[in-house]
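So, here come the structures, one by one.
One chain, chain A, appears in both complexes that follow, with chain B as partner in the first and chain C in the second.
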Partner chain A sequence: MRERINFKNVIQTVFRDYLVLAAIVLLVIITSIVEPKFLTTGNLTNIMRQFGPLIMVALGMTFVIICGFIDLSVSGILSLVAVVTISLIEPLGQVGALIVGMLLGTFCGYLNSVLILASGAMKQAEALFITYGMSTIYGALALIYSGGRTKQMSIVKADTSIFSAIGTGTVGILSVSFIMFLVCLLLLYIFQSKTYMGRTIYLTGGNKTAAELAGIPIKRSIALVYTISGLMTALGAIVLFSRVTAASPVIGKGYETNAILAVVVGGTTLIGGNGSVLRTVLGTTLVILMSNCLNLLGVSVYMQYMLKGAILVLAIWLDSRKQL
Partner chain B sequence: MKNINIGKKLLNIATKQKAVLAVIVILVIMIFPKTNFYTAYNLFDMIKSVSILMILAYGVTLVLVAGGCDLSIGGIMIVAGIVAIKLMNANIPMWISILAALLVGAVVGAINGYLVVYQNTEPFIITLGMGMLLTGIAQQLTDAHPIPCNNPNFVKLANDKLFNTIPNLVIVMIIVFFIIHYILRYTSFGRNCYAIGGDYEVAKYSGINVLPTKAMTFVICGITAALGGVMLSSMLNSGSSTYGDTTALVVNCGVVVGGTSFAGGIGSAPQSAIGLLVFGVLQNSMNMLGIDAYVQQIIQGIVIVTIICLDCYGRKRKREAV
Partner chain C sequence: MGNSGQEIILSIKNVSKSFPGVKALDQVSLEVRRGTVHGIVGENGAGKSTLMKILSGVYQKDSGTIIFDGEDIKSTTPIQSMKRGLSIIYQELNLVNTMSVGENIFLGRFSEMGGMRGVHAKAKELLKSIGSNIDTYKLVSELSVSEKQMVEIAKALSFDSKLIIMDEPSSSLTADEMKELAKIIHHLKDKGISIIYISHKLDEIFEFCSVVTIMRDGHVIDTKPISEITRAEMIAKMVGRPIENEYPERPNCVGETLMEVRSINTKKLHNISFKLRKGEILGFVGLVGAGRTEIVRAIFGADKVKGHEILIDGKPVKIKNPRDAKKAGIAFVPEDRKLQGLVLPFTVESNISMANLDKITRFGFLNRSAERGMAEKHVKALGIKTPSIKTKVRNLSGGNQQKCVVGRWMETNPRILILDEPTRGIDVGAKYEIYLLMKKIAESGGSIILISSELPEVLNMSNRVLTICDGRITGEFDPRTASADQIMEKALEFCRKDLEHERAN
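And now, the complex of A and B:
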């Protein structure tokens, strides 16, 4: 009798906390049986490359969601940073363009937090609409700045070795963008679990009023999460346009929903106060593996879009059942 | 002393009726440049162009008043329009096809309602996911190409004009307006919505059947969104999966601009109509002045951010006053 209850508990814990991991393992096993091409080196490198932009955006989004907010402006920031950075390679050189791009992303993220704090928007829904409006503005700025044209990296006259390294270079078996991701993950994980500011984000997300009364600087942590999200989005933009070797002013479209999908599927709860960047890595892995498998199996892009929506709805539903 | 009082009163009206003020300001500005803005044709065209968004907005008002939020309306709109056209192309009579499209909206609304109310999920995220799912379905149904309609009567539905002046689309919009206004204002269901949005717990303990009432608002919102989709398809005589991208957020912002609050319990159909009118008048006058499309996008974004921030700020001050 006792053992049976334990067994049930184990199943429950697996379903509650490691559902994503189980899904990933299942997906890998099924696909490698159905489609042997899945486990070839070429495909695995491909998956590693696809990881780049989405995981950067999703890692930044994780903190925003842990803090109990949401950031829809990432698609606008992504487009803006991509077109600005690529246009600055010629006049400022590669390093200058990189730095300006990252500063621009950071500034955009900070601007979001300034607006949210100034208007006292303490609800997720309010933040959602404010950042959506900001996304429209950033996206329009990207269109105006670029004149609506896509800029190819091949026509840039200056040296673009850093960007081609980010896009296609490898160190051993790992691609450069994957190494960038590992470094960011390490830094963010240390920030999340070992620093004072990292823990205040969790407390702010858990209960804002209680955190404020306990003397936690909630305003500073809200500003911080949006700034981090902006910075990580800028990194994502750089990885993305390096990989596709061109920057279009609508390059970031769809990244906001995909990033939210990755974070929520990973198991970070939308209510806030809970979650981890490691979970986001799992969630992103699942999202990318899924689209890779579906591509290999020849499922249409529209069907994939539909499945993503279905998984998002399912993940949120399971997430809310956890709260009950 | 008297002057201060009048000033205060004006300021009060201005902060409460931001949308009316915005419309008046734009209308006054448009008197000066020489454009075709003040012609009957243009004014009807302007109303017609926002009519579809207004039809959607009335349903959203109901949901927001009851304390929910629906971002799947863009998806419902395009799927319903495509379903209506697909059925008509299969030689099914027009009215049956339209009813089927409305049924699709009701079913999606019921699913939203079930997930939000009975499963206690966060409304705007779950409906955002639902919108994504529906966009995928729409793309799958049309292969991401616009599909034309074979039934010649369908295009007349929205584009014919009553007495050769008022487009049918505007008439449908006005009918929906009165229905939703009646529901919110004069039925016990509507009054219960305000109570639920105002304070969920109090409404529950005062014996209102909170769960079905709140779920019902999502169903009605689904039906109005589907009606908007049918009218859109009729206006363009085709169904396409590309229109609904930003509809949901624009409509929700418009409703909030009109004075309905995210927090629930406040709002009405006339207010939402004026909120959407702000966007319509703004867009039309910017087109008339020949402003660049990208700059228009920025101006629209700034308007959205400003008005939502003001809405939040007003609530913050109220919280602090208590």
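And now, the complex of A and C:
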């Protein structure tokens, strides 16, 4: 009788770990009842395609947040990679453009970490401002490079079959971009849970001082997470402009907040040291499903912004409650 | 208020509290009389802190009654209990460093005091009442630890406290500062204020307290007037078994020179050079802030230091960061295990493995079963009390947490082990086990640098003692022949000169 189960704690754990899943199920049930269009193949394919760009960015962001930092530069990198890649299809061919695009994103991410380490920024807030500044720079570079013009894929005088496949192709019932996501998820999950570098990222996020004093290469972890974030953002950019078949120099706008939203809603805490790419998949699913459902239900875009903001605040509030 | 010294101010009856999987307090009963100093001792994890947190309103009790000053307290918050007259001064002081002394004392109550002038006047008065004349306009960041403690006490008094709980007040005080604290405690007692004094240092319990309560595993084992209990009985009751000695026999196996440190110079350190021999325990004695920690951090590569030389086995080694130090066979158990030693939300397993990940990595992949084996080995070897290696290290007691840090470094097979305040805030039993471990390491040919603010610990464990004052090595002693006074004299050399200088002016 004395060893009573602490219900508050059990509820907290359930709330923490399964809330997102419950929300997703609830959302699917309610929307499919209210709006039968929701469960049609067309809509589901649509959801799968929308999923592609955001999940790539959010997966990269997950590691930055696990490491105890944050990356606001993804919107700038996304725009820059998109306009550069699409412009290089003609001169370099599509494989060349793809490779250069990915290298560019990786380099931009790495550059962030170099600046962060050089300035000795060891706090999330400092990284927030540095990456915000870098985002502005990358965004401006995208505008300068493209002359502010949106480039359509249809006017590219070269073979764009790979990009079309990424944008609209399917293998069986799965879209190509979804398969790309599955491959990335698998690799990143193995990286996260099985490798030395993955572990050092968690330890760095858990306690930088203790990790450094135990001989963990924390600077390498920090450089690595930003580089991964840059690479994943480049992949996101490629998936995105392939789907919309055009690259505007402001195509990445809003992706940083959505990615952070997806990571935090998934349950990776902003304080660092814990979280998982699997959680981010749940978080991203919720974010994408929500906007899809709200669109189907005819809720205005402005209202959707408000809801998203509210959910981010709620997620961060729950997040800080967890630390008790 | 009555003047009877026998009146009961606080009565705790059958209070219990559980956390998931742990019964932190089991039917605890306790009475504190007005105007007395009531000591509470017990090993870490005995439930002292939980009980105090229930009293101050941080936690809520599951059952039992608490009567404070005639009032039955059902549930409370920290602010409410402070207003009722029950204050707690935590080990890690809760002051705002960037604000002045006066502002800290009346934080959030400026208007009640009639503006800042009132605040400082009242603060000065309060500080004077406990015999202190700290300038109330000084920033807290400029104060010494004992001065900060005084500010905390003044803050407690500003709420008209009838009972002040002091949780390990002396853990970072030097001998002189201790005397100040003793004076304050007498002042408070004379004013009719009761004190609950929690400490691991039994000397203090005997010095200050009139009654002592001994706790173990969430139970009150005994409450006795201090005159009716001996030190040995107290320890036996705390650990549940008699302990013959507080220190093991000093290891005696000093060999030739293992490491030589040549001229570390920084802003704070001046020409630090010394030798460490094989199998030697070298003690550093000095005040907090004398530069003891800075020396070992420089050696370990934790602070960026240039221009010094470190030779191991006569060969120079370059140590630019803790990784290099680890490769050179140096291990470092830092002074603040919670901030610098452990990753608190992580498991015992990953806290032990974290300095040894290279060992269990092949082609970049971690071998999880090797990691498990590594953790289990040290949990067993060091007797770490934990439900499992998957338990979060946050949930262990201080002593067991410290053993996790030690275990992590034992796995690296260090030739030189640096221990910075290894026994701070841990209980008698765990202390003894750490001493035994030090002995074992020294006897198997390893060398140890021991930094400690507890002089008896350094004197009883070291083969050689260096005194450090104001960033300089001021003396070298053989603790078997030198007296504590001689050593302290050297450790305070410059400070004393400063004092004399000040007095002369």
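Note that in this section the second predicted complex is superposed on the first by the 312 of 324 C-alpha atoms of A that agree within 3 Å, B and C clash if a C-alpha of one lies under 4 Å from a C-alpha of the other, contacts with A are read in each partner's own complex, and residues count from 1 in each chain.
Throughout what follows, a contact is a pair of C-beta atoms (placed from the backbone, for glycine too) under 8 Å apart; a residue touches a chain by one contact, two chains touch by 3 or more.
Nothing here was measured: the structure is a model prediction, and the numbers come from that model.
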item	value
First, second, both or neither for A:115, with chain B first and chain C second	first
Partner chain(s) touched by A:149 [first = chain B, second = chain C, both, neither]	neither
Superposed model, chain A: greater residue contact from chain B or chain C	B
Chain B versus chain C as contact partner of A:302, first or second or both or neither	first
Partner chain(s) touched by A:206 [first = chain B, second = chain C, both, neither]	second
First (chain B), second (chain C), both or neither touched by A:139	first
Touched partner set for A:216, first chain B, second chain C, both or neither	second
Interfacial residue positions of chain A with respect to chain C in the complex	2-4, 6, 9, 194-197, 199-200, 202-203, 206-207, 209-217, 273-274
List of chain A residues in touch with chain B within their complex	70, 115, 118-126, 128-130, 132-137, 139-141, 143-144, 148, 257, 260-261, 264, 270-271, 300-310, 312-313, 316-317, 319-321, 323-324
Chain C residues within the chain A interface of the complex	16, 18-20, 23, 300, 302, 321-323, 325-326, 332, 334, 339-346, 350, 354-355, 357-358, 361, 364-366, 368, 408
Chain A partner contacts - residues on chain B that touch it in the complex	69, 115, 119-122, 124-126, 128-137, 139-140, 143-144, 249, 252-253, 256, 262-263, 292, 294-295, 297-298, 300-302, 304-305, 308-313, 315-316, 319
